[in-house]
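Look for chain A in each of the two complexes below; its partner is chain B in the first and chain C in the second.
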Partner chain A sequence: MKAVTEREGSVQPATRKKKKKGFWATFKEQKILYGMSLPFIIVVFIFSYLPIWGWLMAFQSYRPGRSVFEQKWVGFDHFVALFTDEKFYLVLRNTLAMSFMGLIVGFTIPILFAVLLNELRGSVFKRTVQTISYLPHFVSWVVVAGIVTKMLSVDGGAVNQLLLWLGIIDQPIQFMAQGSWFWYIVTGSDLWKEMGWNAIIYLAAISGIDQEQFEAAKVDGASRIRQIWHITIPSIAPTIAILLIMSIGHLISIGFEKQFLLGNPLVVDYSQVLDLYALNYGLGMGRFSFGTAIGMFNSIVSIILLLIANGVFKKFTKQSIM
Partner chain B sequence: MARTKAAFKPSLSDRVFDIVNYTFMTLVMIVTLYPFLNVLAISLNDSVDTVRGGITIWPRQFTFENYVQIFQYEGLLTGAKITVLRTLAGTLLGLLSGTMLGYVLSRVDFQGRKFMSTFLALTMYFSGGMIPVFILIRDLNMMNTFLVYIIPGMVSAFNVFVIRSFIDGLPYSLQESAKLDGANDFTIYYRIILPLCKPVLATIALFLAVGQWNSWFDTYLYNGSAPHLTTLQFELMKVLQSTQGQQSGMMTGQNMAEIVKQVSPESIKMAITIVVTVPILIVYPFLQRYFVKGMTLGAVKS
Partner chain C sequence: MKQKKRISLLLAVMMMATFVLAACGGDSGNSANGGQKENGGTDAQQEEKLEPMTMTYYSADSNANWVNMQDAVGKKLTEKTGVTIQAEYAVDGSNQKLPLMVASGEYPDLVFAKGDANLFVDAGAFIDLTDLIEEHAPNIKKVYGDYMSRLKWSNEDEAIYVLPTLAAVDHEALDAGGTFQIQHEVLKELGYPELKTVKDYENALKEYYEKHPTIDGQPTIPLTLNADGWRIMISVTNPAFIATGVSDDGEYYIDPETTEAKLHYKRPEEKEYFRWLNHMNASGLLDKETFVQKTDQYEAKISSGRVLGVIDQEWGFGNATNALRSAGKENRTYARFPIQLDESTKDATFQDTGYVAGWGVGITSSAKDPVRIIKFLDYLASEEGQILMNWGIEGEHYNVVDGKRVIPEEVQERKTYDNANFTKETGIGLYNAIFPRYGDGVKDSTGNYYTTNFPETIKENYTPSAKETLKAYGVEMWKDLWPKKEEFPVKPWGVAYNIPVPSDSNINITYKKVEEITRKRIPEIILADPAKFDQLYDQFIKELNDAGAEKMEKEYTELVRQRVELWNS
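== the complex of A and B ==
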């Protein structure tokens, strides 16, 4: 900031008016900066802000080919239809169930993984594990869904083979055909794909811990587990807190990729989530207004969750992540 | 005495801990790698023989026939071409928008700074939703065009902020002395900022390229009826989903999935999976040190 005021001072002679330079004068002076940024800002406006305007559709009976002013207004009809649709509560249950399972497993296991990885002594082994653990992150959900379906298949899937060999089951489990397995399959696939990747941030936090603390603890005869509990975990607690708030903000917007790719008609009562519901009803059946109402509900709940999480965070740490 | 001894000689509980830990990590490696090795082995196995089952990580009847087969499908060849094109174009555009906005927003004297930062940051917390975006794309006549792959997602607020915080960390004196030499803002960006940003750009480029390479939903939603704009992931999705008997509504009479199904399901499917996956897997270990840094920087600042 200091540099700026000095610079402005030198450009503006003292004899000029005390007032700051006008908007257009500065605009002209910074035209190159505007030229470098405005085109992209316009793209953002078109593709991120204009669709918000489309929310009006949720209060209209949308017919293609008419402008937004020519549509018939129907008030909250679509929301009433949504909240009285029994299917909606099933979909909401699925969304919340998979969100919470994903949050609990997808949040805690990477921390554990990072802590344990840090305890490995051999650096070659450590690096190998780490590199391999990133691998699934770079693979698309299409491929992961294919792999998961293959591993869980009834004829020759690795998981069923292993369970049979261990004698835990005497005939293969139809994982992909039973709704009761679906939430676990989605949560497990997500963990398999992202565990190593999500651990990166914690590893970085752990590597910042002062090594002398560990040395001192060792001299005092603290076991490895006690060192983890009393030094490692408390040191990365702030990082954990921030990432927890961020995941809560994204709780309900879990997307639909996994559910779309792993689901099938047999498990639809467990696989249908809000976005998929909007996709099927809105685009599949041409009920654009109804689909928009679903999307709107989703966005509003997300924002409320984020605000609550941020508020709680602010209260405890006097910091804001927004 | 006892204390120093304890420091050098691991106690029993520590040894148990180590054994458990090493076993756990070995299991993690097996669980992560086995599926890929299994897919690779099946893709290299004779397709008729595969039906007998029991392939683990080594092909029983080794052959390249499956790969020869899949490269005769029109869809896969077009898909490969379009995927490479969108990855290149999308990554370049993403880097251009990210660095330009990142630079401009790092300039404290820029008067649009505050407005633009907020304008961008807000997009990280809300979105119009799938259907309004779909209708917008349709109204803009971007359905069945290549542009739909690279334009709507061109600017990523997250990437802009990662790059901006990197530029904030560079010494400001470099820019000042360039300015005294008469360089304009674009020259400073192009000659000074860009070369210094290489490490962060490697990370962002990797994220962008992986995102482009792996996306299939935009093809499904906007270009599903344009075979000349198909992508690898979309083709693989169709093939994999066909056997599960779902999405039957979108299957056309003689699409690739049908043909593949007739020839041989398993080995062919796995060969396509390998073709779609391998390019990314070859690149990522080399960029590892960059993305670890990038991830940390991004998370701390946002």
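== the complex of A and C ==
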């Protein structure tokens, strides 16, 4: 693997120096490659760029079933309505809080888990743990929410039973009724559900590390911790960086299933997120324009976050996805 | 080398072609489904009648028993009319799919839009049915009779866009289903005490709870409510006006003298009701999980038989009642009473509304053959159709004995104890939201009732414990405990909650905000320290007003007045 890259590396600059080709020349030479990627570009265009046309709606008082020319134009009214709504800031706070918590926990723990799992000797045990740990990923949020609510219930919930039995508390705690705990409950259940699944990609990256490096380190007398620190972690660093950049891009659009399913009237100040707000106050009420305005805000913030993250990483680690 | 290049070029082209074909394939498939023949030829009438047609249908209500017309009634219906309904039901009874449907501009042929018909009308998606009914639907006309004027959309637009189907014509509620429920077992043990006010109710629950802190080894729950999503209205907030002598007008209270609308929470009487709930919580009688549980947990609790009292409509925990029955804990099912906050008011549940037009089905502009659809609905609305829908197939689900329709015992038994499966197999009652029909208590040309619910069958179908309880209170039906409809004036606006609101109106936005505030604050208020109750409640009302409630109430008052004018012109 390494040898191959080196050879390519040495050959390419040489050919490039010989004649500097223009775009069309390259295009002609690689027309088959271009042709092969064309279908995918078309798909991306149709599904990701064409719908942007619909952003026009955000500046109209959109009524379905009429053409663009029959709509009433209202300028930035919907954005004004959005930014003056107190609720918007509340849901934005909740969204960012939960996504940052999710990012921190949901990022470090799977890496740790993958590294530790990799250190295990018994392959049967290792595989069993791995399989069991990623199974929850396939369980629907509806079911997970049911399990979590039942576990934390005051009416015979396992967690309360355990705490009571240990004598830590003498009255069952209403976990689901504490607004401030809601974020932690969401983060925790998300971690339980996705930890194993997220670890898979790191495990794959780890298994791609050249074993000779470990052997050499062992000969030099490096302890296991040293090996992890100096070989495993640096080797998977590019994977980590790419995934981190991508998840920063998704910070603001975290979906609403978990919050919707785990929430209840008592914690609504902590459970409402941007996507749910867009659904309830936009589409759900037939306010297509308002919904579009929220969507636009969402996309623009996501792009900015992505560019910032990418820029920062490029600067410090020379890793980037663009 | 050249060969290779050609092959890869070919591959690329083929891939592109596949994409294009896939896209086209989807299209042609759709049009083949939806575009059944469009022949309106009159001479081919007879043939056309049996020519198979697929009608697509979307309902904003959920229906767990739909089996794609593979039930007995469904098969018969297809045989009679040639129509197969391809139905889609909302999963959770929410209306979230409707706006998307309107935005896409592609509709099923027939849509049951609940409260959101205005979205379709504003988008021009529902067609005017006035002429269609006039020309092709004598049965539908007959069913609505004098109430045809209540079908008109608005004062400005007198077209008929929606055939009201949720409410049956001339329907009389034969029995009471709400609101304060208490286990038969509790009443029996306490010697059937008089239950008139919430205090009586509380004392009964408390007394039994003190005697039996556990049931079947699990802690007893004296009272629980369901606050999951929209159910909070049924189980927590609506009982506030029910217990203070007002009939259901949704979230509003309409002053009968001035037809002025205001949010019903603002009535001082209701504040006292919530104070009582607050007190129930403070004294430990209200289930601690009331506001965090989901509907399935709520039903599971009730099914375990250890919930003494529930404030909810009967249908709100129907699954649990069925579970209790099948588990042989029939004595743990519930009796219900017209309980009031104090003795100064009487339960107005049965106040007469006249025919409540409103929620129903509309034929969309996507429908290829509206005439065929209206004829299909007309068949359903005919005497033959209605009997088929309600009673099933003669000789199979009912027999005619001495000119009277009688349901055989074994059929009735399954219907009572195994209702879900029975409905799936027979299809009886499954199609009711689709067509205009008569309600309970109306008789057909043979002198039989159109529906299978009439006082006699209801009385027969009470479980032994229910019969025992009723006997102890000296009545034959639950409804007998309630004040009669004659004791109240007729409401000229029908019911306020189905007055359509224009979709560009601010009412909807404010309503949503009010709803969110209510669903958040009411639980908080009920769970608060009783000393803080007044302060929190006043704060809640202020918050409602800050969100624009007063302006919304004014606009709504206007809509109510327009409705009164439209219906009584």
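Here is the rule we use: the second predicted complex is superposed on the first by the 249 of 322 C-alpha atoms of A that agree within 3 Å, B and C clash if a C-alpha of one lies under 4 Å from a C-alpha of the other, contacts with A are read in each partner's own complex, and residues count from 1 in each chain.
To be clear about the criterion, contacts are C-beta pairs under 8 Å (C-beta built on N, C-alpha and C of every residue); 3 or more make two chains touch, one makes a residue touch a chain.
For clarity, every value in this text was computed on a predicted model and none was experimentally measured.
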Chain B versus chain C as contact partner of A:Asp269, first or second or both or neither: second
First (chain B), second (chain C), both or neither touched by A:Met285: second
First (chain B), second (chain C), both or neither touched by A:Trp55: first
Partner chain(s) touched by A:Lys150 [first = chain B, second = chain C, both, neither]: both
Touched partner set for A:Gln174, first chain B, second chain C, both or neither: second
Superposition-derived comparison: chain B or chain C, residues of chain A touched: B
Contacts of A:Ile304 with chain B and chain C, given as first, second, both or neither: neither
Residues of chain A at both interfaces, chain B in one complex, chain C in the other: 32, 35-36, 43, 145-146, 149-150, 155-156, 176, 264-265, 279, 283-284, 288
Touching residues on chain A, where the partner in the complex is chain C: 32, 35-36, 38-39, 42-43, 61, 63-65, 87, 145-146, 149-150, 153-156, 174, 176-177, 264-266, 268-269, 279-281, 283-288
Residues of chain B that touch chain A when the two form their complex: 2-4, 6-7, 11, 13-14, 17-18, 21-22, 24-25, 28-29, 31-36, 38-39, 53-54, 97, 100-101, 103-105, 107-112, 116, 119-120, 123, 125-136, 140, 151-155, 157, 172, 176, 184-186, 189, 210, 213-217, 221, 233, 236-237, 240-241, 244-246, 249, 269-270, 273, 276-277, 280-281, 284-285, 288, 292, 295-296, 299, 302
Touching residues on chain C, where the partner in the complex is chain A: 5, 8-9, 11-13, 15-16, 19, 95-96, 99-100, 102-103, 105, 116, 119, 122-125, 218-219, 221, 227-228, 232, 287-289, 291-294, 296-297, 301, 503-504, 508-509, 512-513, 516, 519-520, 522-524, 527
Complex contact set, residues of chain A against chain B: 1, 3-4, 7-8, 23, 26-27, 30, 32-37, 40-41, 43-55, 57, 113, 116-117, 119-121, 125, 128-129, 131-136, 138-143, 145-147, 149-151, 155-156, 158, 176, 192, 195-196, 200-201, 204, 218-221, 223-225, 242-243, 249, 257, 261, 263-265, 275, 278-279, 282-284, 288, 291-292, 294-296, 298-299, 302-303, 306, 321-322
